[in-house]
C-alpha cells in the first residue's frame, strides 16, 4: 500500500499534475507520525509512510496548508475523506485545488492502549497480519491487533470515501457499528452518576485546546473562546463551570458538522473521552431527526440549519428521550 | 537512610496527612496518573510520571491575584493572598524536581513573585528515583541523574521497601517526623537499584541527544534558520506541550467580571497560542512558525543565556508523548544541531 | 376487536393502515374482486377496526393472487397485499405447523422467481 | 462611558400602587453609569416627555431607561421623545415594570425589588446600545408581474389603476394563461373568454401596463424597492411593432402540420401562428422548430405575403434590463404529466383525456368547433367516465400529496355541460371525496346530480382497458354498493393534479424566495401575510402559492396588488436598523447563516484579507443586505464563530441583561 | 438558607411577537406568577444562543425558560423551528452531563395565551424551587 502511494505521489509530482503532496511522515518512534507537505521525490522516498500508526486526520492539516494557486495531492483515509467533504461543503477548502487519493484504513493502532497496559520503554512496534509485536527495554510482548486498535477504529462508521479523484485499494462500505453503545451506557446512568462521571473526566481538562485545534470541523478564523470580544473567551478553566462550558459549546458548535473522526479524543493529553460528547449529539440527531452522517456528501444541509415542521419538542428530554 | 516497608506505605501516608496536606500520584479513570490529595485507601500510581507536571503545586494553572468589588459606585480592592498551609508532594521525579529550580530562577529573583514564593516555602518535595525509565526520557541530556533525585527528601522504591534520605533542612524535619514507622538502613538495596537503572539509561533511544550546540549566545546561529518553517509546519497551535511542560512559566493576566466586581487572575499562557504576546498594537509574532521558534529558542538559547547556561528543559519527555502531531524538542534539537554541523 | 392480532398484522405487514383515504382504487384494480366476500379496501379498513378474526376466517384472503396490483396503484402507499399476506401468515401460525419446510424450497424454484410470490402462492394453494 | 438617565413612571397608581417608585428611582440612580434618575406620575404625558427631553439636554445623556409599561405600548413614543431632544432614538430602553411587575405582584416589597432588577437590566443593556440609523432606500415606482394569466392580469390592472407602471412578463406569445384555454367557468357557467378577454384588452390598452410577451426573466438583482431584472425577449421572428395581426401569414404558411399547443396538441396549426383569435398582443410568432425558412432557409412565404413587412427571420433574443420596486410572482400551474399512471391508459388511447384537454374539445374555438367528439374516430361519445384525484392526494412518486382543489368543481361543470348538451350521454364520476366549499359550490354539484342525472360513484377507477372495438373498459370500485363495476366507456376524462409551473423553481432561486417541497411559493405568514413572500418586495398571486380557483385567484391577485401599491406609494423605504451584520474578520464563509435566513438576506463575496503574517488571503465572507434582513437573529446562533450579530439585540447586550438579572 | 426561603432566580427569554405579548397579557389580566421570573425580550426564539443559557446558569440562575411563538406561527416563519432543534439538542446534552433537566424548558406561548404564560411560569418556578439551588452548573466566582 505504502509503496503504491509513494509511486502515485511521485508520478503525479513528476507529471506536474500536482506540485505538493500531503501525507504522513515517520519520526523517532514507530508510533509517532507527523503530517507533512512533500514537494520532491527524494522527500517522499525518505520520509513518506503509511502504516497502522497513521491515525492523524489529514483534512485539518490540508485545510491549514491549502494553496489555491497550485494543485495539492492529499491522501485521505475514509475518516479524513468525510471530514474533507464536510470542509468542502462549508466552503472551507477549494476542491479544485486538491487531487484526492482515497486510501483504505484497516484500523489504526492506539499506542496509548499499549502504554495503559503498563508497557513502557518501547523500542519498536511492528504490526503483522493480526498480531502486533512490541519490543521494549523491559521485554517483548505480542498483542492481537484488535486489542490495541483505537476505539474509533473498532467502532468504524464507514470504510467509504465520500470524496476522491482516485482510489488506491478497494472502496469500502458504510459499516454497522456499536459506536453509540458507550453513549447509551451513560444515558442509562442516573443524572448523579453522569454528573460524577463527567466531572471526573472534565476536571482533568488543562485547556490546551488540542481537541479544538485538531478538529477538522473547528476551522473558525477566530474561535469564540479566543476572541476577547465574544464575552466568553477563556484561556484556562478558572472554575469548573468553564470546563463544562467549553466542552458543551465546543461540541455544540460542531453538532451536525462533526463526522465522528475521533481526533479530539486521540489528541487529548488527559485522555478525556471527548468523542462521547460529539457522539451524544450525533446519536440525538439520528434519533430525533433521522439518520444523518456529516460529510457523507458535498452540499448536505446540516441538521442544525434545517428543520421539519414535525420535529420533536424539546420536552422530549424531560420525558427521557421518548416522544 | 530510612527504610519503610512497602506494606507500611499507607501508614506513612496517613502519618504525613495527619499534619499536612499530602499529594501523591494516583491513577485516574482513563489510565493516566495525576497528583491528588491523599485520602485513606488511595493507592500510589505505578506509572513513571504524571501526565501533568508537578509545577502546578507552586505555579497553578489559574490563581487569583486581586479582586475588586463594586458597591454602588464604590470599589473595594481585596487581596486574596493568605498564608498557604504546609503541604507535602510525594513521588516527584528527578526531572520535575529539577524543574522547580528552573522556575525558582524566574519567580524568586527580583521582583519576587510572592504568590509563588508563598507556596514554595510551604511545600515539601519528596522525590522518587526512577527505576523504569520510558523510551521518551532524556533527562540525562540535561545532566539530571534520575537515580539520585533532588528535592527536600529523596526516596527510592524497591520491590519491598521505600528508602528515604533528607536533602535539605526542611527534608530533615520531614524525615524526623516519620521515623516512628521507619527503620535505619544501609544503602545496599538503593545502590543495586541505581546500578540496574543506569544500565537501562544506557539503552534509552534518546540518550545520545546532546546540548553542546545550544546555550547562550546562539541567537544569531539559529534565529534565522531555514529549518523552523518545516519543523513548525504541522504544529496545530494547541497548548499541549506548554501545559504538560514542567518548566514553561508564561502566564497571562485576565479579568473576570463576577457580576459583583472583578476577579483579576493569572493563568498559564502558551507561546503556541495565536494571541500570545498580543498587544494593543498587534502581535509581534506573526505566524505559528515564529511562536514555535520562540518556545524552543527560549528553552535552548535565551534561558541559558540569562541563567548561567542552564537549559529550560529537563528532558521529562512529556511533550514527546503528548504532542498530537509528534513534534517536540528532541526533533528540534537534532535538526538544528545537524544543520549547524553541516555548515 | 382483537387488538393483539391487529398489532401483529400491522407489525408483520409493516403497513400503516391509517394512511388509507378510502378511495377504493385497490378494489377497483383487483382481478379477484368478484370472488371475494371482503375486498382489498375492506381488508385495510377491517385491520384498522381490529376485525381481524372475521377477515381471517373469510376465504377472501385466499382469493388474493398476490399480483400486487393494489400495491402498485395505491396512491397512498398503503400496500393492501401485504396485509393479506400478513393475515394469511397469522392464519397459518394459528393452524400450527408449516406445510413446507425451508429446505425444500430451493430445489423447486427457479432463480428469477420473487420469493414472496412463491410463499404467498404456497399459502394460498395449500388450502 | 455612557451617561444614562433613568425615568420611573408611576402610571397613576398602576405602577405606583404596588411599586415603591421613589425607592426604584433612588436605587437605580446608584447604578454605574447613571447620572440622572427621576420619577413622575405619567411619563408618557407631555409633561413627562418634557422631563425626559430636558434631562437629556441638561445632563448630556447618552442613553435613557424608562421604567414604565410594556415597550409594546410606548417604546415608539419614548424613542420619538429622545429623538426630539437630539438623542438617537435607539439609545432608549424600556423596563417593563407594569405588565410584567406591578400588575402581577401584590406585595410592594417583592414588586419593588423586581422593578429594581428590571431597571438595572435595562441600564445594563442601554449601556451597550449604539446609535442606530434606519437606512432609507428609494423605491422605484414600477412593478413587475411575472406571468400573464388571470392572476398576473388582475394584479397588473389593479396596480396600473393606482397609477403605477407595471410590466407583465409572459413566456407564451400571448397573455391569458390557463383561463384562456378554459371553456366555461363554475359555478356560473359563463364563458371564460367572455370575462377574460376584456381584461386582456384592458391590459393592452392601459398606458401604465407594458406587456413583454414571449419573454422570460433571466436574472434578478437587488432588493425591495430596487430590483434590477433582466428580461429575455425571445425571438419571435416577427416585428411586434409592425405586425397588424391580420393573420394572412398563418393562412398562407405551408407548414400546416405543427401541433397546436393552445389546443394541447389536439389539432394542428401553421408554423407561423397567433395562438388564438383574442390573443394579446395580437401578433404572429414563428415556431422555429417547424418553420422551413428558419430550419432550412427555404420558403419565405410569410415574408412575401406580409404587407406590413413585419417578418424578420434574423431576429435574435433580446435582453432588456429594467428596474422595479416590487415583483409579483404569478407563474401559475400545469396539469401533471400522467406517464406514471399506466392503469389509466392515457398514453395508450387518444380517448383518455385530461380535463384541460376536454375543455379544448368542448370549446367553440377548439379542434372540433365546440362539438364534443371522440379524438380517435370523431364520433359522439355515449358513455363518459370521469376519474377524480388522478395524482392528487397521492403520496407516491408520480403524484402530489396535496388536494388540487379545483377538480371537484370543474368535473361537476363538465358533467353538467355534457349532460345538458348531449342528454343521451351517460356520465359517471368516480370520486374519493367531493369537496365543494365555496359560495354556491355545493349547490352547483348537487345540481349536477339532481337535475342532470350525473352518476356519482364513491370509489376509484382501478384500470382502464382499451378494447379492440375502440371502447374503453373501465374497472372501478363502488364502495357504497361494495361491488366492482365495469363500464364500457367511450371516453375517460382524468382530473389530473395540478402542479406549479416548472419555471417557478429557478425563478424562486433568482428571487431568493422560499418554496415548499411541492414547489409552491411560501407565504411570509400562512395566516397574516398570505400574499407576500418572506423575501421583502416579492409578492405572490394565484396558483404559484397554492391550488386555487378563479375567484380566489382574482381575490389574491388584487390583494397582492394592494400590497404592491402600498409599497410603491412610499417615496423611500426606511429599514429597521435592528438587523444582522457580519464581522468579516471572523466570518468563515461556511453558509450556515445563509441556510437559516428566511429572507435570503445573506450573500457571499470573496474578499482579500491581510493575514497576521503579512500575506494576503482571499476568503469567502457573508454580507447581509440590511434592506432585506428583518432582524430575527437566526443567523447569529447558526454562526459558530460569532461573526454574525444583531444590532439592538447584540450578544453582548443580551449577556449583559442576563448578568444583570442574575446579579 | 432553608428550603422554604429559597427563592430561585429564573431567566425567561421571550420572543417579541408572541410570548412577550403573552406575558404582557398575563399582566393586563392581573394573572399572578412569582416575581422570581425576569423576562428578557428577544426578537425571536431563534435569537437565543445556547451561550446565553449557559451564561445565565454561570451567573447564578437556577432555571432558564425560553418562550416563543407556536411552531408554524413564527413571525419570521421559521425561527422557532431552528430554536426547537437547538434547544432540544442543548437540553439533551445538559441532561447527559448530569445537569438537572428540569432547570431548562421551552414553551410555546402565543400573544393570546396570557393565562398559559402565568400557568407555565407558576409551574416552572415550582419545579425549580423544589430542585433547589443550581449547584451543578454554577460558577463559584459569581456567588462570592
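Which chain is which? They are A, B, C, D and E, in the order written, and residues in each are numbered from 1.
Basically, a residue touches a chain if its C-beta (ideal position, glycine included) is under 8 Å from a C-beta of that chain, and two chains touch if they have at least 3 such contacts.
Because the structure is a prediction, the values reported are computed rather than measured.
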(request) Spell out the chains that contact chain A while also contacting chain E. (result) B, D
(request) Trace the shortest sequence of touching chains from chain A to chain B and report its length in steps. (result) 1
(request) Please identify each chain that touches chain D as well as chain E. (result) A, B
(message) Using the stated contact rule, I'd like to know whether B-E or B-D comes out ahead in C-beta pair count.
(response) B-D
(request) Could you tell me the distance, in whole angstrom, between the mean C-alpha positions of chain A and chain C? (result) 49
(request) Mind checking the centre-to-centre distance between chain C and chain D? Centres are C-alpha means, answer in whole Å. (result) 46
(message) How many angstrom lie between the centres of chain B and chain C, each centre taken as the mean Cα position?
(response) 75
(request) Give the residues of chain B that touch two or more other chains, as numbers and ranges in rising order. (result) 256, 259-260, 263, 274
(request) Among the residues of chain D, pick out those that touch two or more other chains and give their numbers. (result) 596, 638, 651, 655, 659, 662-663
(request) Please set out, as single numbers or ranges, the residues of chain A touching at least two other chains. (result) 224, 231, 238, 304-306
(request) Determine which chains touch and list them pairwise. (result) A-B, A-D, A-E, B-D, B-E, C-D, D-E
(request) State the interface residues of chain D toward chain A in the complex, per the touch definition above. (result) 585-592, 595-596, 604, 618-620, 638, 640-643, 651-652, 655
(request) Would you pull the chain D residues touching chain C in the complex into a rising list? (result) 343, 389, 391, 393-396, 399, 430, 432-433, 458-463, 475-479, 482, 484
(request) Within their complex, state which residues of chain E touch chain B. (result) 59-60, 141-142, 144
(message) Could you list, by residue number, the parts of chain D that touch chain E in their complex?
(response) 70-72, 96, 98-101, 103-107, 110-111, 113-114, 117-118, 121, 514, 522, 524-527, 534, 578, 596, 598, 630-634, 636-638, 646, 649, 651, 654-655, 657-659, 661-663
(request) Could you pull out which chain A residues touch chain D in their complex? (result) 68, 90-92, 219-224, 227, 230-231, 253-254, 301-302, 304-306
